[in-house]
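Two complexes are shown next, each including chain A; its partner changes from chain B in the first to chain C in the second.
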Partner chain A sequence: MIDAKELTYSYSKGKKNAIEQISFSVDEGEAFALLGPSGAGKSTTQGILTGLLPIQQGEATVAGTDLHHLSRSMFNKIGVSFEQSNVYGKLTALENLEFYRKLFDGSAIDPMTLLKQVGLDQVADKRADTFSKGMKHRLTFARSMINQPQIWFLDEPTTGLDPAIASQIKQIIKERKASGTTILLTTHNMVLADELSDKVGFIIDGQLKLVDTPRNLKLRYGEKLVQVEYKTEDTVKSELLSMVDEQERKRLGDIIHQYEIETMHTREATLEEIFIKVTGRGLV
Partner chain B sequence: MNRLIATFRKDMTMSFRSFYIYIEVIMAVIIIGVLLFVVPENFQTESHVYMYANVEAEMQDMLIEMMNGQAAEGMVLEWTDSEQALYAALEADRSSSGVMISFENEKPVFEFVLQGYESQSVRNILEKAFLAESVQMVSGYQSSINLVILDETAEKLPDRINLLPVLLVLNSALIGLFIITSYIYIDKDEGTITAYSVTPAATWQYLLSKMGMMLFTGTLTGLLTVLAVAGSRVHILHFLIFMAACNIFGSALGLLVSSFFNSMTKSLGALYVVVIIMGLASVSYMMPAFSPLLIRLLPAYPMLYAFRQTLLSHPDLGYIYFWAAAFTAAGLILFVFANLRFSKTLTV
Partner chain C sequence: MLTRIIAVLTRDLKSGLRDAMIAYIMIVPILIAIVLKLLVPSAGANLIHVAVLESADPAFISMLEDHGRVEILADRDALVNRVSAVDDVIGLIETPQGTEMIAGGNEQEGTVEMVTAVVDLWQNRDLEIPVLVRFSDVGWELSPLAQYGTSFLIVFVSVFGGMVVMLNLVEEKQANTLAAINVSAISRLEFVVGKGLLGFILPLFHAFAILLIMGFTSIHIGMTVVVVLSIALISLIFGFVIGIYNDNSMSAVSSMKIGFIPIFGSVFGAMFLDSQWHPFLYWSPFYWAFRSIDQIILQQAVWNDMLLNSLYILLITMMVFALLYKRIKRGFA
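Up next, the complex of A and B:
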């Protein structure tokens, strides 16, 4: 459904590339997460694939459309949820969705159904400029589904949302994924990527460093860890120790013998830890 | 077509919920108010000349009677009792002039008292006018001036109505330059252009909808102004067609200019220059003697005269429709260029 080959893009006429030689593909029904810190090139990549930025170098096909010969009909097949909310403040939530529904060919989802899904049905007739940041974000998210897209581009879909709403949004994404929607997720939230994606790509300084499934990455780069909390004379201390490293295994043995253990859990390395290990950089 | 209609309906709804459309309507109402209640139907063309005759009483009465009878059209002679009174009257009315008459050796002596700002040519005209008036008093004098009117159908509009084209061009025809740019930057700031760009709707539909909105408001305010001020004198059909053509041109020009800038602040300077240059045409319209080629080449120049034609009893339809077609064609060409530029820059 998405095929990107050696995409290179520069905002400064070739002086500095925002992305360089990016190649990846996303199959039908697959969820692919592009992970990286701010300024890594995630949004530029998504901008090119959604036709917002012109393709400068490389090849890309989205829903069967060659982006060198962009056709407006491609947009009937895709939906884009932006990181920055961009709804018409002077229109109500319902009017916003009603308007966008008319721009697409084919069947669209009933706006009220969408508003209900994202918890905005009670404020359907209120103008969007009276909404909180989170409400605008949910409206932007709802709008991206209105044409029942085959390919869904999600840019930081849960950023800035309270945990309950974020969980609701994740549930909607999971349901659409289960129904066969192809998803390209760009985020710096590794937990979200781990939970929703079939495949992840680490992008940093405009270069795609690695593409694989979260499971393979964990097997390849992760190590079994033990998080232990123990009591010393007057404080509770916590340590994260590797079960692969001999010294750290010995340290765990010492702690167990010398101190009173409060809690002890084994856990896998997170995607964030693997990202840092692979790229040598954090996510902020 | 459905997308264009949906976009236009959305834009109209939003414009009625924002203040720009009300600014246009309020401006139209202010213009109507000023034209109807401040500007007289015809500007005063009378010039006051304060007179003082330093002669004996019987002579004075005879002089007053004679001079009043000979006063030229538009000249009002006001007689004062003394030299001091004449100076006081001149100080009170700075647009007036004064004449003191006395006799020396039984010959009349005219002494002109001017404000000081009059040019040499005005002074000469004044002197010659008095001379001409005196010549006419000579018995047996016959005027050899033969007046030939070249255009028997030439029509003079009342001054108030004659001002309408200037205001129509600035408030209704060219207002699109500023307002259409504002609407685009509002969409840019809200990021809604980006959202619109990932739908099957094309850039030209987005831009055309904005032009449609300008056409609606420009025509509405123009019609409101012209009906309130000129009433049934205006030829509605010709006026509407010409107003639409000017609006298409103005909005497309606004789109093209704003496509070169990425913020409202940056584009304001360029738009201001464009409007000021266009406004120069009104100088020639108000003072036809000053019509250099550079001003006659400005699009606003034929706009003013074509609007004037729609207010005449016998309008020159050829002139109106030639320029209506020209502005529509120019507007469409500008629109094509603006569309090409915006297709590349609207979301970048």
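Up next, the complex of A and C:
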């Protein structure tokens, strides 16, 4: 459904590339997460794939449309949820969705159904400029589903939302994924990516460093760890020890013999830890 | 295609009616026309208002009626009382010595002189004048205020359509909703047409409302539509360019105000400059628009002139568009 080959893009006429030689593909019904810190090139990549930025170098196909020959009909098949909410403040939530659905061909989801899904049905007739940041974000998210997209581009879909709403949004994404929607998720939230995606790509400084499934990455780069809390004379100490490293295994044995153990948990590496290991950089 | 164009148009209209500045722009031309209409009768108010006795010569009364309003009262006391009222009424009583004028003393400047001139006319009606006086038409068929005021107002409000389009675009820029539009199935052409329609509909609505309020009900509708649409086009292009490149409405309105300079310059130039200087105004589409509207109001317009003037406007517009095309295209991207 999405095929990107050697995409390169520069905002400064070639002086500095925002992304360089990015290649990946997303199959039908697959959820792919592009992970990276701010300024890594996630949004530029998504911008090219959604037609918001012109393709400068490389090749890309989205829903069968060659982006070098962009056709408006492609947009009937895609939905885009922006990181920064962008709705019409002087229109009500319902009017926003009613207007947007008229811009597509074919069948659309009933706006009230969508508002109910994102918990905005009670304020359907309120103007969007009276909404909180989170409510506007939910409206932007709901709007991206109105044309029942085959490919769904989600840019930081849960950023800035309270945990309950974020969980609701995640649930909607999971449901749509289960119904066969192809998803391209761009985020710096590794937990979200781990939870929602079949494949992840680590992007940093405009380069895609690695693409694989979260499970493979954990198997390949993750270490089995033990988090142990133990009591010394009057304090409680905590250590994270590798179950692979011989010295650390010995250290764990010593702790067990010498001290009173308070808690002890095995833990697998998180995507964030793997990201740092692979790229040498954090996600902030 | 039409559904999407109408969707964009109705969204802009709905949003505009909820925006204080746009609502103001939509209403203010109507208010100006009403004020102008109220001012226009005062140009025709230079008529005398006199009171005479029942016993006055009917020929005298008839002559007075040719020059203004005449009230006929029973006796001198009634006439004096009437003159004493707050409005400007001069009492006239014929006596063997001539015509006696009774004034209240609070009349507007010139009122007494005007009545004196009319009375002199009556008293000298049999005088043999040693010169021949012939009156001819000086070309003023209606109040200059109504004629020029209406023409100017119509040309001026044509900019308001572009201004509304501009403010709607600024709203899109501010809220970054253009990005959402750009990932929908609406084509660039459909969006631009939908956005631009208000820039034509509004000046047309304003122009006909102004003409109606000012009482110009017999003008040529077809010619008016052609001229208003052609002048609206250039305002629209400016509206698009300014709207695309401004992130807040105040700076956009400030930029648009610069456009008022050529409007005022060309309209006042057309009004007050001798015709030999008019070629210096030919570059301005507003000059041609003003000339056309003026001819329409005077009911002297002919299709050839109107089409030629509109052609000039369109040619100038095309040149402006060619210069700004890249900026407009870049702005939408």
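Rule of thumb we're sticking to: the second predicted complex is superposed on the first by the 284 of 284 C-alpha atoms of A that agree within 3 Å, B and C clash if a C-alpha of one lies under 4 Å from a C-alpha of the other, contacts with A are read in each partner's own complex, and residues count from 1 in each chain.
What we mean here is this: a contact is a pair of C-beta atoms (placed from the backbone, for glycine too) under 8 Å apart; a residue touches a chain by one contact, two chains touch by 3 or more.
It should be emphasised that the depicted structure is a prediction, and the values quoted were computed from it without experimental measurement.
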item	value
Superposed partners chain B and chain C on chain A - clash or fit	clash
Chain B versus chain C as contact partner of A:T44, first or second or both or neither	neither
Touched partner set for A:S197, first chain B, second chain C, both or neither	neither
Contacts of A:N189 with chain B and chain C, given as first, second, both or neither	neither
Partner chain in contact with A:T65 - chain B first, chain C second, else both or neither	neither
Superposition clash, chain B versus chain C, among 7-15, 61-69 or 97-105	7-15
On chain A, positions contacted by chain B and by chain C	50-52, 54, 72-73, 75-76, 78, 80, 82, 84, 86-91, 95, 99-100, 102-105, 127, 140, 143
Chain A-facing residues of chain B, complex	2-3, 6-7, 10, 13-14, 17-18, 190-192, 194-202, 344, 347-348
Residues on chain A engaged by chain B in the complex (per definition of touch)	50-54, 72-73, 75-76, 78, 80, 82, 84-91, 95, 99-100, 102-105, 127, 140, 143
In the complex with chain A, residue positions of chain C that touch it	3-4, 7, 11, 14-15, 18-19, 171, 175-177, 179-187, 333
In the complex, chain A residues that touch chain C	50-52, 54, 72-73, 75-76, 78, 80, 82, 84, 86-91, 95, 99-100, 102-105, 127, 140, 143, 147
